[in-house]
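Shared chain: chain A. Partners: chain B in the first complex, chain C in the second.
Moving on, here comes the complex of A and B:
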């Protein structure tokens, strides 16, 4: 019987120390310390969107922000891009303070926020890019060729001279992205950039992010798409109630909950499956084609399960490690639609 | 400079896409015709030239108020304001460039009004004092652009901006003496109209097409420049404060 168990298995508590950064030393691209942001409300206590959030992103890193609706991701992005002021705490982008040296920060960043708004809808895509490029201080000659390149790269060339109001949602989203890239930013803030994009466009987008990473740009990516985060990010931060709960590389996130979540074996017959389901601690047994998956509540339930399987002559087993999505659900809590 | 230019080009493109912004160019000749007829009916053909240029000021004010004054607020509604303030370019320069383009439509309004007055209404609008005309005209455009910047900044936070912009025009026309000569206003109103740059502009422009010398041309131009500069400084200050305020309150992106 081959059971691949890694190190001692415990349910890691929140706030496990962050692993050392393996990126280039020197000034971090993004550093936030104890950020608090309150939104005033009429005749009520203010909403605390950020409650002492701290985060460090190295130069050249692609960093994911994961968290439920209302966690504070957009608020963080807005503070870092100088759109909002923090109520307290500090943040720097490439060493420049976002409050005191906002102008220096703006020279370095590109911002893409999700949604239909934020473009001049009666102007064409090309006209929008030209305007925003000029605001990013791109020299006119360069601007022309870069506009052309981005329209091409984002598959908008055919619609370049149509009014933006005639674009589909995904096309608007791509234009948003092109706008974020027009200034040749060192640090990019992308807030749900693939929202509304079709799968092919989203895949192209991921390729593009890969290229941007190769160019040593830093990217802060807020997303609800776990596959996207898993495939793009060097590290991800889980944000909940305005604080960072944990930061890990997507491949190491499993360690945040439990290293082994269950077992997978070559198809068990119905009788065995029924027996397995009866074992205390087993939460589910599912058979899908040629494999059966057994999920357990905790590591302590393994020995009994393993004995039982050995008794039934099962000799080949694989451990199941939780996916990013599993970790997300465990870390953030199963709160349903509550916000 | 590139930023002012970008704002200018943007606004010109808006005029192509939102032709309704150019409505005053349609109404100006109608007003001119009405004013000229009133004068003719009263036997004052000598005044036809002066009154038939009045619609120019009305158009200029209209451009400043409706296309200029609403620039920032519409950016807020469209969701573009957040991107504008996160760009390295100076936001005030973008707004100034756009307001500048609205003043260019003011130049078009002048050309239209003048040609209509001269060839249709047959008024005596020949320019007799070119120096005064050119100087006061340029200063007027500058002061009006500065006023538009001030309104644009103020409208962002003034809750009753819509009411203001819909009702401010007539009092402004009266105070600036473009409808009735200031000398005919009640005495207590007259000092107030001295604080309105357009009253000085209207005096100089009328004098520049009149026969006889222009009274106090330098004083008039200094006043326009001064009042325009005050509006520009106030507009710039209000803009800074308002951007700071909406960044603090988080209202930047709200509609």
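Moving on, here comes the complex of A and C:
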């Protein structure tokens, strides 16, 4: 019997966890330990936006932060970029403490917050970049060519000399990204950077992140876009209620819920489907034209299922691996719109 | 060295920001004409009182007041910066927001100097009290000192906005009215009791205006001391401003108020 995964790779024994990605030893680019951040509220207990969050990101890693609204992603990014002090806990960027040596941290980082605010709207895109570059202490000659390069790379060259107030939202977001890159930062914090970008721009953005990774930059990327996280990140962390609930490579996240979620057969035999539905551990069986999809509760239910299928002469099947989105929903819980 | 470069950049950024609102033509027609009319109005009151000394007093006072007025516009600049939401990004950068904020509005010093000197020269000419050239140059230099120290005061007032929201109009108006009444623009300094004169002496404009009044009548050597005092007052306010912004940014980091929100 051949067992073929959806991406046509032979799946040896079920449920073997993929090894964690290995990174060069040495000082991590980002290390957060037990971070707590409370926001005071009037006549109420303070909100605990972070409740003992720990996270390590290696040099050169692209690390995704996934989690529902209000999980604490932005709060974490703010603390790491020294805009916000933690209530307790510790964090370092390239070995520099964000509280005690904020100044050193600020020399190394680039920050891009989602949304279209934070630009000088009466100035042109080029002027914005040149100004921020000066603040980032980029030498003058370098600044000129880098500005040109970034405008080109982000598709803003045609609008470079128009005032930012005439930009569309996605163009402002691109300019923000260029602004975050103007200082040649080693560590980049991107908080929902593709918010408001059209699909083509978002794809260009992904290409750009790939290039930045090739340049050995470290990127912490908070996003709600699963495709983005899946295609860009070396690892992702799921953040819920101010803590990291799991960190994996996007390809290994499936192992968090179960390596294989179910099976798909090239047969739509109604009798077989009925039999399968009776097997303990099978949660659903659906037939659709020429295929049958079987979902199981856990890994342990597979051996029995496979035996049964073999007995029925089924020789070809595919495993259904959960997507990052499936994992996200299972891990974070389907809380609807509640925050 | 680097700091100077940043200040220069910030100056140009502010200036470009300003030229996005004003061109030379609109500056002359919308702004300059208005301020000349304002100074002429007060000079006319002096003339109606029938006292040439009074005319000159009001004319010079109200012209130099313009330098202080423009300096107070720094409040609007800071408020604009806050509304643009750049503050958290500045705070995450290697150049301190205090430096950026103070440098960014420095074009107002130039604007204030031009407005006040221009209004003084034009109005003085209109009222038949022309200033001969070497004297005028000294007067302009002194006005520049006033513009600078008033700007330092204005930027401090503006930086209050970073900590305490929605007091912009109050700050600008209280600042302006105080300068207008206490600093010897329309009312001679010795009209007020001692404690108020004391307050006036540490405000911008007061000493600089004394210096300008002396220089206008050719006593430029006597003008040196009050001019130096004016500069010192400006440096004092600037120091206070830098400390204030630093403290407010620190507070913002603690309270989580460094945000995009206006």
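Before moving on, here are some points about what is shown:
Just so we're on the same page, the second predicted complex is superposed on the first by the 273 of 339 C-alpha atoms of A that agree within 3 Å, B and C clash if a C-alpha of one lies under 4 Å from a C-alpha of the other, contacts with A are read in each partner's own complex, and residues count from 1 in each chain.
Basically, a contact is a pair of C-beta atoms (placed from the backbone, for glycine too) under 8 Å apart; a residue touches a chain by one contact, two chains touch by 3 or more.
All figures in this text were calculated on a predicted structure; none of them were measured in a lab.
After superposition onto chain A, partners chain B and chain C are found to clash with each other.
Using the contact criterion defined above for the overlaid structures, shared-chain residue A:82 touches chain B and also reaches chain C.
Judged by the touch definition given at the top, the superposed model places A:113 against both chain B and chain C. In the superposition on chain A, A:103 contacts both chain B and chain C.
Legend: residue contacts after superposition of the two complexes on their common chain; A:121 is shown touching both chain B and chain C.
When the two complexes are overlaid on their common chain A, residue A:137 makes contact with chain B and with chain C alike. Common to the chain B and chain C interfaces on chain A are residues 37, 39-40, 78, 81-85, 103, 106-107, 109, 111, 113, 115, 117-123, 127, 130-132, 134-137, 140, 163, 179, 183. Put simply, chain A touches chain B in their complex at residues 37, 39-40, 78, 81-85, 103, 106-107, 109, 111, 113, 115, 117-123, 127, 130-132, 134-137, 140, 163, 179, 183. On the chain C side of its complex with chain A, the touching residues are 2, 5-6, 9-10, 13, 16-17, 20-21, 84-86, 88-95, 100, 252-256, 258, 260.
Across the complex, chain A is touched by residues 2-3, 5-6, 9-10, 13-14, 17-18, 78-80, 82-89, 94, 244, 247-250, 252-253 of chain B. On chain A, the positions that touch chain C within their shared complex are 37, 39-40, 78, 81-85, 103, 106-107, 109, 111, 113, 115, 117-123, 127, 130-132, 134-137, 140, 163, 179, 183.
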